[in-house]
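Naming follows writing order (A, B, C, D, E and F), and every chain is counted from residue 1.
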Amino acid sequence: MKLVKAIIKPFKLEEVKEALSEIGVEGMTVSEVKGFGRQKGHTEIYRGSEYTVDFLPKVMLDIAVSDDLVAKTVDAIKSAAKTGKIGDGKIFVLPIEEAVRIRTDETGDGAI
Amino acid sequence: MKLVKAIIKPFKLEEVKEALSEIGVEGMTVSEVKGFGRQKGHTEIYRGSEYTVDFLPKVMLDIAVSDDLVAKTVDAIKSAAKTGKIGDGKIFVLPIEEAVRIRTDETGDGAI
Amino acid sequence: MKLVKAIIKPFKLEEVKEALSEIGVEGMTVSEVKGFGRQKGHTEIYRGSEYTVDFLPKVMLDIAVSDDLVAKTVDAIKSAAKTGKIGDGKIFVLPIEEAVRIRTDETGDGAI
Amino acid sequence: MIGLLKKTRLFWLLLAGVAGLGLLSSPAMALQNVPSAEEVAALLAAGEISEDDAGIYEEYVEMVEGHGFHAYAFDFFVTSMLWTVIAAAMVFIMHLGFAMLETGLTQQKNAVNVMFKNVFIISAGIVTYALVGFNTHYPADWIIPNVLGIGGWIGDLNEDATFGYGGVGLAMTAFGDFIFQAMFAATGATIVSGAVAERVKLPSFMVFVVVFVAIAYPVIGSWHWGEGWLDAMGFYDFAGSSVVHAFGGFGALACVMILGPRAGKYLPGGKIRPIPAHNFALATIGVFLLWFGWFGFNGGSVLSAEPADLGLVFTTTALAASSGALVSILVSWTVIKKPDLSMALNGVLAGLVGITAGADAVGPGAAIIMGGIAGAIVVGAILFFDKIKIDDPVGAISVHGVCGIWGTVAVGIFNSEVSFVVQLIGTLAVSAAAFVSAFVIFSIVKVVMGVRVSEDEEAEGLDLGEHGQEAYADYQMKTR
Amino acid sequence: MIGLLKKTRLFWLLLAGVAGLGLLSSPAMALQNVPSAEEVAALLAAGEISEDDAGIYEEYVEMVEGHGFHAYAFDFFVTSMLWTVIAAAMVFIMHLGFAMLETGLTQQKNAVNVMFKNVFIISAGIVTYALVGFNTHYPADWIIPNVLGIGGWIGDLNEDATFGYGGVGLAMTAFGDFIFQAMFAATGATIVSGAVAERVKLPSFMVFVVVFVAIAYPVIGSWHWGEGWLDAMGFYDFAGSSVVHAFGGFGALACVMILGPRAGKYLPGGKIRPIPAHNFALATIGVFLLWFGWFGFNGGSVLSAEPADLGLVFTTTALAASSGALVSILVSWTVIKKPDLSMALNGVLAGLVGITAGADAVGPGAAIIMGGIAGAIVVGAILFFDKIKIDDPVGAISVHGVCGIWGTVAVGIFNSEVSFVVQLIGTLAVSAAAFVSAFVIFSIVKVVMGVRVSEDEEAEGLDLGEHGQEAYADYQMKTR
Amino acid sequence: MIGLLKKTRLFWLLLAGVAGLGLLSSPAMALQNVPSAEEVAALLAAGEISEDDAGIYEEYVEMVEGHGFHAYAFDFFVTSMLWTVIAAAMVFIMHLGFAMLETGLTQQKNAVNVMFKNVFIISAGIVTYALVGFNTHYPADWIIPNVLGIGGWIGDLNEDATFGYGGVGLAMTAFGDFIFQAMFAATGATIVSGAVAERVKLPSFMVFVVVFVAIAYPVIGSWHWGEGWLDAMGFYDFAGSSVVHAFGGFGALACVMILGPRAGKYLPGGKIRPIPAHNFALATIGVFLLWFGWFGFNGGSVLSAEPADLGLVFTTTALAASSGALVSILVSWTVIKKPDLSMALNGVLAGLVGITAGADAVGPGAAIIMGGIAGAIVVGAILFFDKIKIDDPVGAISVHGVCGIWGTVAVGIFNSEVSFVVQLIGTLAVSAAAFVSAFVIFSIVKVVMGVRVSEDEEAEGLDLGEHGQEAYADYQMKTR
């Protein structure tokens, strides 16, 4: 099992979710985050002073998937989240050693 | 060391925290997240249009524990967070390669 | 590649970001979280009842770095985030198996 | 100076008879008088005034003549009636105050429910007051003399629009009387709304509100304002510390007793888990709007624009509210070691409730004392009710109930012409009657349709459970 | 009772002539009259009054004498003018109501833009109304008789400050007239603002607003309130269901048709994606403030402090709003199975718009029915416009446009002296003219400077795109 | 037309003497007069009026007779006094405006503290104004002639409730005078509150407020409104551009200089780190409420309901606010390339402060210019103070201080009867006195108890540090 951690642009969330559903990924956990990277933040103005907001709103997805689904998951996210413009985000794949479904005590791939 | 990542129902947070304290887990980091899974979202209404909100409020716990505590931690969360109803959430266990306590520079199990 | 997960005091964020920039870390993802640990929460009052708020506001950084940068990254965070007072936070290092930049399909170290 | 004034006045009474003819020949005389039709015609012919001017003159004369015998007080009546409707609008805005106070002091997940209840309460309150409340409140005929009279639709109301409707003591048209009182009517239910928030079943509460506002409020109110038995006793309750506030507060107590506390509020082992306000900005907006509206609530209760009373009532109202805030800040800082905003806000309201019965019957010094004591009482009362596990999310029972009683008996203390004993009997009677009637109505509603949402719904929030809406939605992902 | 009143009045008309001399010798007589200068001098000499008193007397006499012939109505005039300016302030606060309603019902990322627009609208509205609007609205000369007259700066305005300016029917000074009407003027544009929110380009909208408020509103308004052709037909629109609300609503419709819906609102396959309100607390504050201000909007439209009208107007306004809320709650609960707060809030506004044309022309029963029907209409209209893909984030077209038409024709139904056909013609003419003028102005603006922000800006939010500001910034990390 | 009016007036003066007897026999005559007791008795006997009617008549006569000599102006007095108390309520709501503006423009972590301060300021302001302020503001005896007179409790106040209290120029009861002025009193401290927000120590600020409002404000105010030396010079400051606003603004400047900027605001190397508003919706609510309340602030300063003045004051106030907003939008858009909501909001307030000294002394054209210039000034002033590291979170020094000076001298420019030099001397004197007194008081407080919270507390927020409360708590996990 792997934890696929994807950081994407907020307005792409729905499309990514749809794309994941299509390949059979049925669970995920989403957080609102702020991202810092190459995409330079925008300039804001307050009472005449301009300032740069470096941290941009992003959405982070934590998706646990079985090993065989990892590649498809990454691909699905990639194509759904891509706009081609800077700041599209990243996908990181981390190993998961164990997974448990709280409700049923199922473990392993059955838990996700 | 492992990172135990638990996604639970928000109103179970306090019970889970108590259960973890009892087995000696004394630190954790909590985020508010939105979960998507088998538990179907509720229907909302706005100006006469119904729509489904698929993402449900959940709480995600990141808990670093030493290897010997992992099983007890998972069990404690499982029993405290369970309601038996769909949407109770998941526990994922991820490997941690190193841990540091910023204040003291301690590393390893001593850091958590 | 590693995922450096740092939990720090919110007002240290800017300094940490500067420190990381200096060593060449140019991307990170930040979430607002609540932390529970040795630092005891403050007491709040509402309509005459005192109560302890155990969860304190913290900021969590997820930073993907190439293996050779891990030590420098951890050090940079450590020194920038340290106040020496309880509650300064933790750094956890997790393995990343794969990284993808969505915009360009780059993978591996090139993606971060 | 007062002595001189009196002497002067006397002098005038004597002088006036003699002065009559002299007055007539003075130029200033013309200012206040309406010229005759003949004169106006002459002026018109002479080109001194335009045809427009003459037409304006005729319209004016016709309007004033419409007041018949009562035309002598036309201008005073016009000003007084204007004040009545402005005061009605100010009391109206108190409902926004109540809505924001309740929304702010409760949890985010119940905010839509709280606001919905408040829109419903004022709307239903006004309509039912037209349908039955007004004529029940001021009964034309009693069914049980001085205790019970049920009225009907205000269509029956004679639409008297002259000073003859109520004279100096009620200088307004019948519709003015209606609209001012209608804005008061829903207040009782709004007070209950705050106390039962975050767990009451919406349809049940709506049924309760209608009966409580349409029947219980005017019947109990008629004892005093409808010239019933309390009035006959000499009971003094200027703008309603008892018949509005204690009424609402003790109605709320009955409902809370039936409903029980919010889940998780009182933990096993006697621990109290505070459930903090989700938005103090809304609560602060609410309290300031209530204070603002209270100038209409108390000021409008002068029932005319009589200047001496207006000045006094505005002054005592402002001083009591201020001193309520200051004392509750002081007390809470002393007792709980921190300056607590929720206590300061409640102190303002306590001071206002505390002066409402006597706003025109005490001086500024007494107002400061009465408001200050109310500000101390409210802190104690809130802590007390929490101790005995009466869960009142906004402190309505303490603010309106307990301080309503205090305000009423305080008139008996600070005004020597008002009997302390009568005040005590009166306020206890009203409070008890409010409690009993709320208890009966709410119990029946409980049996018939239940009064409490399910545990799950309470945990999830009433906004999703009852309304399928969120107060602060925005960033949410959705599909169909 | 009315009979008796009439008899009494007749009696007085007969009596008054005879009674004259009798009156003179009564002590009460002195009360209403101004003593003569000689008398005052005598009293002063006698030490009965102070020099201060005598000075006060002189100042007063001078003030009243300043009103010349019209001094006979001085007190009525003073009270009426006071009401006019207070009502103007109440209508002013409706602009905060509109701003909060629109802010609350739209998305967080556009909140700064919404508030900015609303600050601009009221500011530009008042200034342009002074520059050209007022004298266009009430034309001194027509260019096209009864249809078009363009006026100029209010400096031209004769600053008449006596009862002679407008008599009973417009008892205010010229400046009072200006300020009250100026507060109305911006309303039309504010209504449009809500409908085009979240995608309109700011500078383009600002240009549109200026032309729409400065020219289209007063020209179309002059047909009725400026005594143009609608007025000549006998068209009845008391406070502006048509000439303010339907005007704004159908102007909004034209703009929305040109602008198109918000991105992602109507999905392929006919699905509608609701874009929920980001803050219902703000929306609720908005609606209560609108209701409050509407007492000034309708009440001030009495144009004097005539007590009978004031009482009636406040009563019908409150009842229609309440019944609008209750019916829209009922209808939405039945149709969509949940009590929807956004519908309840719109129901209040629908009831208010629905009574605005007839607030002084129908009784309380009719007001309840008119408001209630408006409350039902608004639910249907909102669902309808969504179905035909007219994307109106706040429901302005339904509330102001559709209910504005309903309110206008309803007067023809519920008041037998008003012609239904004339009402229908009038409201359709106003609505059509508003639609056409908005369409033309907005189309020209579209050609010249574009009316819609880029897709990217819309996705990111107008706050960052147009203003470089966030409504709720605070916790953000920044550097330079 | 004015000419005709004058002629007509003259005619009346001549006519009135002759007309006396003619008037008497006209039917309309009866309208304004009060029938005699004998006549009423006769009518009663004849069954033409009811016993109720006769009773109403008697009550009315008694009420008016209570005014003695001044009964001749009874109706004007009633209306004027009504306006005074309504205006007081409107000024009161400005304190909610200030509270929301300050809350919205500062950081979330300090919101409870800001609101607490504002509840305290108005409460303490009203009570201390009763205890000492009012009688210091309008000294009965001077200690230093025309410069210093310390008064006491308003209990000493003769409770004069007739026109004799102040005549046309102050047509209110003594309590009316008190309550209207009391609402002004706290304004000075509220202005300071905004400037010192987010770092001032609560108890220290509370001590400062009490002394500043109770002593400094009325003493300095007495120079002008208390008929002190500024008044004697011919200084013109209608509603207080100087004695309220510049007073507050320069008091604020002194405090900010002592207190220093917020941590991290001015970075090494001359960089300025903006600390953005946490909630623009609250700030917008605040500004609209301030504008609304300003109609009471300026309008009520007419001190009677004199119609010509009321119309003018409302018109100039609205135009100046609007043009302040428009110009500050224009200027900020030009200078900083984006339409900045915070500047538009400050522009409204700048325009209002800018017209406050001359609202009744200039015409609509001058009002637009005065407000517009204020709108430009405020943008520059805010940028300037940031440059010189005077950290004023809400822009209070610029809005109230700088524009207060501008508004005062502008009267000397736009009204030929007012001396520019006197205006300049007056406003500088007031500003300097405010600065010095605030500097002295705040310095003493600093020495005795410190004025600034610890660095840690500032970083964490004053809500937790001073109050142990959060403004937006809700979702937080807690236990005991």
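Note that in this section contacts are C-beta pairs under 8 Å (C-beta built on N, C-alpha and C of every residue); 3 or more make two chains touch, one makes a residue touch a chain.
Bear in mind the structure is a predicted one, so any value in this text is a computation, not a measurement.
Student: Which other chains touch chain B while also touching chain F?
Tutor: Intersection of chain B and chain F contact lists gives A, C, D, E.
Student: Quick check on chain A against chain B: do more than half of the interface residue numbers occur in both copies, making it same, or fewer, making it different?
Tutor: different
Student: Taking the mean of the CA coordinates per chain, how far is chain A from chain C in Å?
Tutor: 18
Student: CA centre of chain C versus CA centre of chain D: separation in Å?
Tutor: 54
Student: From the mean C-alpha coordinate of chain E to that of chain F, what's the distance rounded to whole Å?
Tutor: About 27 Å separates the centre of chain E from that of chain F.
Student: Among the residues of chain C, which are close enough to touch at least two other chains?
Tutor: Answer for chain C, listing residues that touch two or more other chains: 17, 30-32, 34, 44-46, 50-51, 54-55, 94-95.
Student: Please output the residue numbers of chain F that touch at least 2 other chains, ranges allowed.
Tutor: In chain F, residues 8, 12-13, 24-30, 32-35, 48-49, 64-65, 69, 71-72, 74-75, 79, 82, 86, 273-274, 276-277, 279, 285, 338, 340, 342, 467-470, 473, 475-480 touch at least two other chains, as defined above.
Student: Would you mind writing out the residues of chain D in touch with chain B in their complex?
Tutor: These residues of chain D touch chain B: 459, 464, 467-470, 473, 476-480.
Student: Okay, in this complex, where on chain A does chain E touch?
Tutor: That would be residues 11, 34, 42-46, 50-55 of chain A.
Student: So in the complex, which bits of chain D are touching chain F?
Tutor: Spelled out, the residues of chain D in touch with chain F are 1, 5, 8-9, 12-13, 24-30, 32-39, 48-49, 61, 64-65, 69-76, 79-80, 82-83, 86, 90, 107-108, 163-164, 166-169, 267, 271-274, 276-281, 284-285, 287-289, 291-292, 295-296, 299, 305-308, 310-312, 314-315, 318-319, 321-323, 325-326, 329, 338-342, 344-345, 348, 363-365, 368.
Student: Note which residues of chain B are touching chain A in the complex, please.
Tutor: 2, 5-8, 31-38, 54-55, 58, 60, 74, 77-78, 81-95
Student: Under the touch definition given earlier, write down the residues of chain B that touch chain E in their complex.
Tutor: 44-51
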